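Encoded as structure tokens, here's the structure I'll be asking about.
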Amino acid sequence: MSINLEVNVGGLVMKNPVTVGSGTFAYGQEYNSYFDVSRLGAVTTKSLSLKPRAGNKPPRLVETPAGMLNAIGLQNVGIEAYLRDKAPWLREHNCTIIGNIYGYSPEEYAELARRLEAEGAADAIEANLSCPNVHDARTARGCTLVAQDPEQVQRYTEAIRAATKLPLFIKLSPNVIDIAESALAAEAAGADGLSLINTLLGIGINPETRRPILSNIVGGLSGPAIRPVAVKLVWDAARAVKIPIIGMGGICNANDALQFILAGATAVAVGCYTFRKPDAAMDVVNGMEDYCRRHGVEKITDLIGAMEMQ
Amino acid sequence: MPYILDCEITSHQEVAPGHYRLVAHAPEIAAAAAAGQFCMLEVQEGFYPFLRRPMCFERIYPDSVSILYKIEGEGTRLLSRFTAGQSINIQGPLGKPFPLNGAYQRHIMVAGGIGIAPFPALAEAIIAQLGKTPEVIIAARNEDLLLCEDIFQQMGCKIHLATDDGSVGKKAFASEVLDALEPSKDSIVYCCGPMPMMKATHAVCQQRKIPCLASLEAEMACGDGVCLGCVVEANVEIEAERMVRVCCDGPVFDSTTIHWESY
Amino acid sequence: MSINLEVNVGGLVMKNPVTVGSGTFAYGQEYNSYFDVSRLGAVTTKSLSLKPRAGNKPPRLVETPAGMLNAIGLQNVGIEAYLRDKAPWLREHNCTIIGNIYGYSPEEYAELARRLEAEGAADAIEANLSCPNVHDARTARGCTLVAQDPEQVQRYTEAIRAATKLPLFIKLSPNVIDIAESALAAEAAGADGLSLINTLLGIGINPETRRPILSNIVGGLSGPAIRPVAVKLVWDAARAVKIPIIGMGGICNANDALQFILAGATAVAVGCYTFRKPDAAMDVVNGMEDYCRRHGVEKITDLIGAMEMQ
Amino acid sequence: MPYILDCEITSHQEVAPGHYRLVAHAPEIAAAAAAGQFCMLEVQEGFYPFLRRPMCFERIYPDSVSILYKIEGEGTRLLSRFTAGQSINIQGPLGKPFPLNGAYQRHIMVAGGIGIAPFPALAEAIIAQLGKTPEVIIAARNEDLLLCEDIFQQMGCKIHLATDDGSVGKKAFASEVLDALEPSKDSIVYCCGPMPMMKATHAVCQQRKIPCLASLEAEMACGDGVCLGCVVEANVEIEAERMVRVCCDGPVFDSTTIHWESY
């Protein structure tokens, strides 16, 4: 039986539904020594900003039960270095590229999207409207993330939409009461898809020193620990919107990934588990194919949102 | 190119209170590894702990590698439970090795505590590749925690001991011992240990205008340069390039590149 | 050195800052075969409702990485059986009792609080305004929990406040954007303290059957997996209100508990880790005492909110 | 009163493909345990898996207990890694044992697959305490998975085999084999296995008006009656008391108390 794993995510054709979480795969090349990264449905880049960024001071990460907190603070090479040094490698190696972008204003996002499209350096844009690590936790309170405020989501999405014809995915935050609201706002503003979830806000404190472990105090929680939360949010969003969803949060294997797909995701991203097992995303691809074979599923798209309820 | 392999543990022993040496059969990794590089170990199956643990190579044999480690927390405690015959998943070699430069006559290794770990491999490399016999300063809290003395003795290295409590050797900081050795411009220093100790060693080297290579530590998630979690501040003018990754820009750095004032 | 572990939580004096999570310790007696439960700062009961409840259909729980999802649905013996069969045992054994209550209206909560006070069957009231397992996930959307809506929190709290003079704690939900809002609402309405966090919403799906694992589809995520999130929310709430906080979410040992105290909690509750290690709460008491001894802390209250920031 | 103890594993062997028997030295637990009760095992340190795993006692010896288990998922896979000499944390005994009633002449145990696990201990108890020798129906997918035959043989039990593929014994369901044995009012039935098999066994017993004791399974968090996670629906009029806990109201139930229509 030949299995068709191809999915179309809002115009982006992926040969299989598996990409990687932004920030957990750098710019692709780094992990090519472990497996042929072009075999993934797509490579998602670290968030790119207009200027290179140094990010937060260390310590920037701490392990937690079945997960980790990070407060990298979007250290990245900047769009120019990406276009010059990173994108060519991805292109040469025939990778499908989801260019993840981060800006300080709708205009910056629009500019980033425009540059990526103009240079042919991405096949789709993922706008990170939900990075928890760019605020000072001492003073921040309430809706500090664009993705927490549906009106802002709409405003930002419209600006980016106007700047690019590439498939546009909006990356949302789990730190909301009702993900459907931000999902609907993005959809209304012309997004072609949603990426969720970004990390949950968390803190680790070292009782021995009485200090927060992260220099930024607050970090983003990722890993298998958050997977049930992520599946729930994907299910919520999928019932609210018509545009496709890239689901992520704690995916380690095909079984995890299939939960997202059954809950309504069209594609999935493997995030920080890659740090433990660099070829985890490839495992997911292979495991999905096995699953389909075992269950007589001819095309993976038959499983999207196929969770059965009594 | 790093490998990820299940490797059989050929020996695992407590060498000092709370300190262990683990030898694993890992021909591919051993063949690719060089002194100063490290590996990432899976200390238990599943998600506890979630991340691998970085450990540098203590020695690199033809078919195996050894690591020397101290029980620090849960991960190393679980690591210490492995027994010979069991298999452990090792990712490596990772990071940049110590650069070897035959131009120097005197090669001095300065180790604080478990910071001794990379030096047996380095000493061996200096002897084999440069034909020089390095000196080593071994500093520890007390006599019981002085590690690897026998190894360096066998290699014919000159050994300088220092303990915090004076139980053996000098009651002095490693950097003070280094200073007392009066290294001059034919000398190169390698150091590994707690940040304050490396900072002080760097200061001595600066004053004496001699090069110092420091092997740094940082919390790591990926070990591969991807997560940007393991950075330290470097002396770089360009703000955006100030954060360097211990895992792949290091762990060995020319000490002048590190912004020691932050530590 | 003699260590003083006593805390005063909004009028409730606890001999040490350690209680248990409602629903993870039944009515106290069950775990007395493992250790003397009266040695805890307080025993918190399973949520009590006016009528006994059967709860949800099984399956009601599923293990997750470093945690579990539950959808018990507040099965409990009801207030009358509690007063008749459970409270006397707790009283005989000199347990300090936090009576956790759940109602369908402010009036029901008020009635429950009144009964507990009148019968001397609790030393403090914890009002669970945040149970995620009493709604039908198929149809529920948005602010389904009282604790997600500050106005409702205020209305419910006022009603319970008017009904009892016992110390009153409001148990809040982590499924919000800004916990400070619900915390402030509870404080303004006269709450003596806050309990947080209740569980995070989550879903588990079995790819083999394509069905949700829980009969209720959605469940509440608890355990070490959520600890960083809980510490963050306690920190947020503690900076917003003056009333004390009982912190919980994934506490397994004294180190975990101290993170909550350093973040601003006055007391802590050990929840589902008790299922793995029935005397975990006692470990926390002992470990806190050790910590204080090692660090020369004479009274535990010196550590409340004592996290140091650069 | 349940104990929680680190117990030394005295033997651990694969007894059939994917099926293991583990014997642990646990004098206190053994002394307190009775057939039909179970224990909760920590299959790995730390939080992976997070919960203990319930396993009933296969046999209860003076100083030790044995469990017989099948690899089902991650937890049991990790359990199978333990080696003799290692220690395992056991909580138990938990739950209610099989009630023993000497009024019956014929004691028939009906086991489906790994549902055989509690019956060696039960057979022993029936023999020792009631002076009767029980019969046993062992049903399994195929010959390789028929467990404990030797044990029952040694005890002198009459054994009836059934396999799904007919590779040995009858090609029939366990309940059909039971029916064919024509148990009458001097008989009592004990069953353990998959829900459909127990449901069918219950039906046969109902029809024949004989008592049936079923040992149920459910996902468990606490094993102590606290979490209310392990409930099954019972035939109780009062709505609020319909959910009974497998861990402490069972795992052994009079089959008439279970609301089989829900399963």
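Note that the chains are named A, B, C and D in the order they appear, and that numbering of residues resets to 1 at the start of each chain.
Just so we're on the same page, contacts are C-beta pairs under 8 Å (C-beta built on N, C-alpha and C of every residue); 3 or more make two chains touch, one makes a residue touch a chain.
None of the values given here were measured: they were computed from a predicted structure.
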Identity of the chain that, by mean CA position, is farthest from chain C: B
Distance from chain D to chain C - Cα centre to Cα centre, in angstrom: 36
Intercentroid distance (Cα basis), chain D paired with chain A, Å: 46
Centroid spacing, where centroids are CA-atom means, of chain B and chain D in whole angstrom: 54
Of all residues in chain D, the ones touching two or more other chains: 47-49
In chain C, residues with contacts to at least two other chains: 64-67, 223-224
Topology of the chain contact graph, where touching chains are joined (line, ring, star, complete, other): complete
Footprint of chain B on chain D - complex, ascending: 44-49, 74, 78
Contact footprint of chain D on chain C as seen in their complex: 23-26, 30-31, 33-34, 46, 51-55, 57-68, 70, 72, 75, 78, 223-224, 272, 274-279
List of chain A residues in touch with chain D within their complex: 65-66
Residues on chain A engaged by chain C in the complex (per definition of touch): 64-67, 69, 138, 141-143, 148, 175-178, 180-181, 200-205, 207, 209-212, 215, 217-219, 221, 223-229, 231-232, 235-236, 240, 250, 254-255, 258-259, 262-263, 291, 303, 306-310
Contact footprint of chain C on chain D as seen in their complex: 1-2, 4, 42, 47-52, 91, 218-219, 221-233, 238-243, 262
